[in-house]
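Next, two complexes with subunit A in common: one pairs it with subunit B, the other with subunit C.
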Partner chain A sequence: MSFRYEIRLSGEGGQGLVLAGKILAEAAAIYDDHNATQSQSYGPEARGGASKSDVIISDGEIDYPKAEHIDLLLALTQEALDKYVSDLQPGGTLVVDSDAVERLPEGKWRVVRHPFVRTAREQLGKAVVANIVALGLIVRLSRAVNEDSAEQAILARVPKGTEDLNRRAYRLGLDLGGEAAAAR
Partner chain B sequence: MSDTAAAGTRTQVLSGNEACALGAMAAGLTFYGGYPITPSSEIAEDLSELLPKAGGAFIQMEDEIAAMGAIIGASLAGAKAMTATSGPGFSLKQENIGFACMAEVPCVVVNVQRGGPSTGLPTMPAQGDVQQARWGTHGDHAIIALAPYSVAETFDLTVRAFNLAETFRTPVILLLDEIIGHVNEKVRLPEKVEIVERKGPDAPPGKYLPYRHTEDGVPPMAVYGRDGYRFHVTGLAHDQTGFPTNNPKEIDLLNRRLVWKIERRRDEIVEVVRERCDDAEILVFAYGSVARAAHQAIREAREAGIAAGLLRPRTLWPFPDREVRELAERVRTIVVPEMNLGQMAHEVEWAARGACPVVPFGRVDGLPVSPAQILHRIREAARASGREARP
Partner chain C sequence: MHAAFQRLFARVRPLGNPARKHLWAVERWGETLVGRLEAAGTLADVHLDRTAPVPAEDFDVVAAAGRDPEERLALLGTFYCVQHLHQNARALEQLAIDLAEDPDRLRSYASFRDRAEEQFSLLITTYIRQVLRVVRHPDAGPFALLSVGTRGHQDDVDIAVIDSGDGDRSAIDGTMARLAAQCLRFASPLDNYLAHEVGAPGFCVGIEELAAALRSGRLDCVVVTELLRAELLDGEPEIHRRLRDEVTAEYFFRQRGDNLRHELYLRGLLGETRSFLLRPPARDRVNPKDEGLRLILGLTTAFQVIEGLGTSARGELFDDLIAWRPELARPLARLKRAWIFLETFRLATHLLISQEEDLAVEGPEAEESLRVLAGALGYRDRGPVRAVSHLLVHYHEALEAAGLAANLLMTEVARHLRDHGPFSRWATSAPKGNLAVELARKLTEASLAFRGVRFYDDLIEAFSAPGGPHLDAFARGFAGLPEDERRGIAATYADWGCDAPYAFLSILTLLAARRVAGPSFEAAREIADRFLARLSRLPEAVRALSRVFRYYPALVNRFLLGLDPAGLEGLLAATEVPIGDPEVALARDRLQAAIRVHLKSSPYILRVLGRVTERHPATVDALSDDATLRTVALGRLAASERHPSAEEQRGLLGDFYDIEFLRIAMGTLRGEPDRRAREGFSDLTTNYLDRLFDFCFREADRDARGRVPPRDRIGIFLAGGNARRRPYDEDYDVVALVDSDAPEDVLFAERVVMRMNRQIARRGIVAQYRLAEHVGRFVATLDEVAALLAGDRGDLFVDRCQLLGARRVVGSHGIEDLLCRRVIEPFLFDDAASFAERVAREIGERRRAHRPMPDGLVHLKEAPGGLREIDLSLAIAKARLRIWDPSRPDRVAEIGRIDPARAPLYEGLGEVYDFLVALRSAYRVTVVASDEIERSRLDAPARILGYENGTGDAAHRLFEDLERRMAAAAAFVDELLSGA
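Up next, the complex of A and B:
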């Protein structure tokens, strides 16, 4: 039986979740040589509104590109969490921004909380790389893609001149993921 | 714009819109006129970078009507021309699409479908423009419309759209939907593609007839104004010289030729993909992104012991009526899931001509049709025809 792993990155428009999803898909498809799709759903607003980016990684064909049985859900806002948590599988992993999310729904999930936006702002000086910090955590926690693959995919995709910042954000995320895995 | 600039054989992760831009470049696009609209804007964004680098011209016009006019003018002047839009823009372009049909101007019009009517749902998928592609412009005319179901196929069908436009001197509609336009997936683009050039003039200036009734129905096309070729182009009914006419015989010839030149070669134009149709009892007819959900649904139906198959047209117009009819005579039921309220189901029913029941399933809430929804209809159809799934 082939493997299939579904990740949904959710939050609000402008948080870079579509980019993070595309990086994951590229890490899986180009560097790890699996199949991957990334699709998205967002509102008509340029900023704000619930936004999601679905990544499906498989070693088989991927027909339907929308996540239906999510293995890992990232929610950077309460609105996104409330809207999307029902698609998270029992036994799946729920990763939330602990500053943005106050109410956690009941469920048989493994929950990881971290203030991604605050960490990005305070430790890296840029709140905008919160998506890459979260990506690092997800990669180490889920093992859905190779860690080096994801780093290569990040560096190939982020704007020129921001490679170092993004590398630091990613590696910080990996460390957070290691801590979360150890705390289990 | 990222690293999509160079098409090549390396593995890439691309969206349908990016693949459409690259397909257009591979097909020899030299002119793009457009007006940005979600969810099609990445096509214009990418071409604004790719096209000037390759010596072509990119222009953002003041609106969609002007953009359609611009590509018609560019094509008459010898360019391979394209525009891309979504529902509201597609509506605005209809008058000029009719002009392109009447004046026989090859061009490609991409419509990345979103929810309608009117401004509807800018960021959400739909398939509500499939009949508009056929009959959005007034008067009798034939049209070619293609609908890809993956990123790789978007590249291929974009190239094909140009080739068909040049072969038949006609506008070709490429119907994506928001899912296909925005989904990113792994592709390896072909290094080379087959390109068709339009048939040049068959007579010297002065003797050249721009609308000659040739044997194949497609008049040879001179570059407007180049090498002494001057001729008249109009949306009015015209004779072989291109000047308006009220002669009933000429008008009849023209109207019939405009339809006949495409219909007579429908076998070359119509492409369908059949998946597990040989022994199928329940057939799903699906196109565009819905065909992906259908593909998963027929696989799951087979696992549940139901003989399900998929007929997936890559060409929507001319409609694959014979292909539908042939299967309608062999299967028990045809299920037609669409992101509209039965626009193609109606055509399927007409093509099946009562040979089997046709069950439409429409979703119009801005969300994609899911594999589970299609599987549910397959199960219902199997039950209704006495073909219960194995326990």
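Up next, the complex of A and C:
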């Protein structure tokens, strides 16, 4: 039976979630030989407001490209969480930025909290790679794509000269994902 | 690896990381591709080592070599990657050649961009058609696959899949899903833009569905912009034609017919364009798409639908527009140049660095990327100027040029709206029926056209026309509604306000500007309350409001002025939302700082704040920044000296006064020691009046026909509270003197002071000329003053007190000496005994006449032990001890040194005086400009004066302190008078 895994990356416009979504989709489609679709939307003000990037990964055909039964939701802002959590399936995984998200709704999810933006700033010196840290955590937790494939996809997407920074951010995220998985 | 691929890998080494994906495919499938072509005997028919002149022919050969559909797809994809890499490498190579040969950089950029767009479009279209041949489901019904984005953009391909709407879509969806997977794997990902926007579950949208979605108000006007650029990639031309005729046609201008949707679309575009123009530029990155290209796209599309031009290719569209509207040739040409530069910048970034829209400009990694980009675009280090700096300057110049051109072109579009838009014609003609209701209905209709229709300058103009009927008609209409209906209408405007805050606040503040309570003011208040309630539920609206504040702080400040404390508190709470964008977050923080100033400040201070923000809106950003306010104020002072226009000189000087006043007031609000305010105010009044005198003297000199007295013959002294450096006095007691009896000298001096008086009044200050009622003029001669005081008039003791306490602000020591010798010494010092007796009598009479105030109320000036008694007591001392120093009139310590027997009394009076002045300052800044102190309103002053650290109610303790100290001062005064 084919698997279908839906991931939603949500937050504020400008947090690099569309990039993270594209990386996941390409990791699955190009390097893992799976099928993937990716779509994005912004709030009414294209810069700012809750934005999301949806990725669907499957080893079969994806005839229905709309993500409606999310298996993993990343929410980097309270507003994004409030807006999109209703699509998260019971039993799914909720990953939030613990500095930005104060209120967690009731639900039967696994919850993983981490201050991604602060971690990126303090441990890597650049808040801008918070999305890659989150990506690493998601990859390790979900196992929806191969870890090496995701790394390859990252390297194909980031500017020359930033490969090392992004690699470190990604591997930090993988470690965080490992800790989260072990903590269950 | 096949030699062709080895050469390919070497050739594309300069390309950025986006090439990795394609190289990976070549590494994985390249040998298979070669093997299959060799087996088919067609290797020589396919271009592996360069770009194919006719890609379709090569793709046909490649497709034929595949042994099964999956392999065919892999081979097609791999060949696509080979061609794509060659194209991009060649584009950069050709650009380098062109830049070396042609001094006109922009021409080379235009060729680079056009060529890259043409070749990429051809390649991706050919590839998609080939893939569709393999993946098309046999049951798929008719559909049109359209590209709707900018054709040359390689980061993704925006598509729309339109079907007939009535068949089984699953086969089409399956087809498109497989196509999307191939494109994601080998080419550029497909962005199923239209279906996503419409909310369709799959890939397809029917014509009727699309039309219904466009009428629902859910969609952004950008959807129409994208559809106007639709080109058929594959599928049914008839469906494409229906899209044009049945959907997008109604957004074009019709000479005859209903242009409402055309108008609303343009309003959406203009609103978007303005948002882009107002976007604060980021400091640490550039983004040619968001910072320039979207705005250019919006504006050119606006003209496209106005002029009915069919072409979607942007370069050709510019040329068509320039030919069609030669009177706009200059701004259009400027816009086109900016477009070429920014498109080239973006394309080169995508080829060499990454396909993200944001390009960092700070940090060592960014430095290297920019160096590569600058080099590719033909920039070289020139002496001390680095290529990267040169490139970034040109980037920002392109943005500026686009912005300037855009402003001009927006005016043209707005004019078209006024001439032809049904909503515009209705909004600007004389109101009929209930305007409040009709406007609400029309705005609701407009919001059903698109999400975010924001451009309403014509409506604002109609409402703000002096003597125009709209404001009154609106207010009357609103007030005349039954309560339920009124609440509903207010809610409609509140919703509109959250979507279009600039237009909403503009109209609301016009309504509220009728200060006297009446239908207009009440309407504004009720609508504002609903707006604030709505705002608290919409973080998006808070962001929009913050942006409006960033660029129109005067407008938002006017809105804040109309809110009561509950409204301000509500707004403060509503704006407490997390905002990720740092620029918007900063704007929100500054808005909150401005709200807090409004909450803490008295109407007296807010009046000055209103004046400052109208003339210098940016000041509102710096309210908590003392150093910046000081710099701005001094800048105005310096500018006033340099400006050639006399009127502007006075205006700038007035600005200096207001901004310094505000700065000092903000310091008091922060709890700074009152000593600073006193020094600040003293300097302020001296600088202001001295400079004002200069300006007015020069003007009077220019206009004078006869003799002009030397400047140092005129002296201006401040008396009263300002003389004693009491801050926040709202009036000046002025003694204006001229040392001359020549009528023309007196007349000249009079003219100077009259001019000064006009300007002083503009600051909201009332200047009282102490001697005017005696001499019938603003200015008195020294002889007149001497003659006046030589008489027996007992009522002149007030004038004597004023002279005794006067502080020179204009004039020389010479006139000061003359005043001392001719007036102070003979008529005050030498007559000190009778002066003292008269003042003591005055104090006694005032005490007897004083009626105790209600509990909880004290008159800080007139009550026993208040400021007036202290002033009068010290005046007696100064007269007796012959102390007169117009540069430092408040020398209480000096008095104690000269009269040591009474030093403790003077010290005691001095301490009470300092306390009363500090309380007065705090009260005027936070409550009201009055000397009647109410215990119930002392919370804020108590905080400023440090009473919160202690037990019990701070306001209560402060009030008790006030009463106790005034009682002590009264006792000191009694003792001083008894010994006088």
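Operating definition for what follows: the second predicted complex is superposed on the first by the 182 of 184 C-alpha atoms of A that agree within 3 Å, B and C clash if a C-alpha of one lies under 4 Å from a C-alpha of the other, contacts with A are read in each partner's own complex, and residues count from 1 in each chain.
By definition in this document, contacts are C-beta pairs under 8 Å (C-beta built on N, C-alpha and C of every residue); 3 or more make two chains touch, one makes a residue touch a chain.
Computed from a predicted structure; not experimentally measured.
Clashing of subunit B with subunit C is the outcome of superposition onto subunit A.
Residue contacts after overlaying the shared chain place A:N35 against subunit B and subunit C alike. In the superposed model, more residues of subunit A are touched by C than by the other of subunit B and subunit C.
Legend: residue contacts after superposition of the two complexes on their common chain; A:Q15 is shown touching subunit C, with no touch to subunit B.
In the superposed model, A:N146 makes contact with neither subunit B nor subunit C.
Legend: residue contacts after superposition of the two complexes on their common chain; A:T77 is shown touching subunit C, with no touch to subunit B. Contacts of A:Q89 after superposition: neither subunit B nor subunit C is touched. Of the two partner chains placed by the overlay, subunit B and subunit C both lie in contact with A:P65.
Of 207-215, 225-233, 243-251 or 333-341, the subunit B stretch that intrudes into subunit C once chain A is superposed is 333-341 (criterion: clashing C-alpha atoms). Residues 22, 25-26, 29-30, 35-41, 43-44, 62-66, 68, 156-157 of subunit A are contacted both by subunit B in one complex and by subunit C in the other.
Contacts from subunit B toward subunit A in the complex involve residues 2-3, 11-13, 38, 122-124, 179, 182-186, 289, 292-293, 295-296, 299, 368, 370-372.
Residues of subunit A that touch subunit B in their complex: 21-22, 25-26, 29-30, 33, 35-44, 62-66, 68, 156-157.
On subunit A, the positions that touch subunit C within their shared complex are 11-15, 19, 22, 25-26, 29-31, 35-41, 43-49, 61-66, 68, 76-79, 100, 126, 128, 152-153, 155-163, 165. Across the complex, subunit C meets subunit A through its residues 16-18, 20-21, 24-25, 170, 173-174, 177-178, 180-181, 184-185, 189, 191-192, 196-197, 200-203, 220, 275, 279, 290, 352-356, 358-360, 363-366, 368-369, 372, 451-452, 539-540, 543-544, 547, 577-581, 584.
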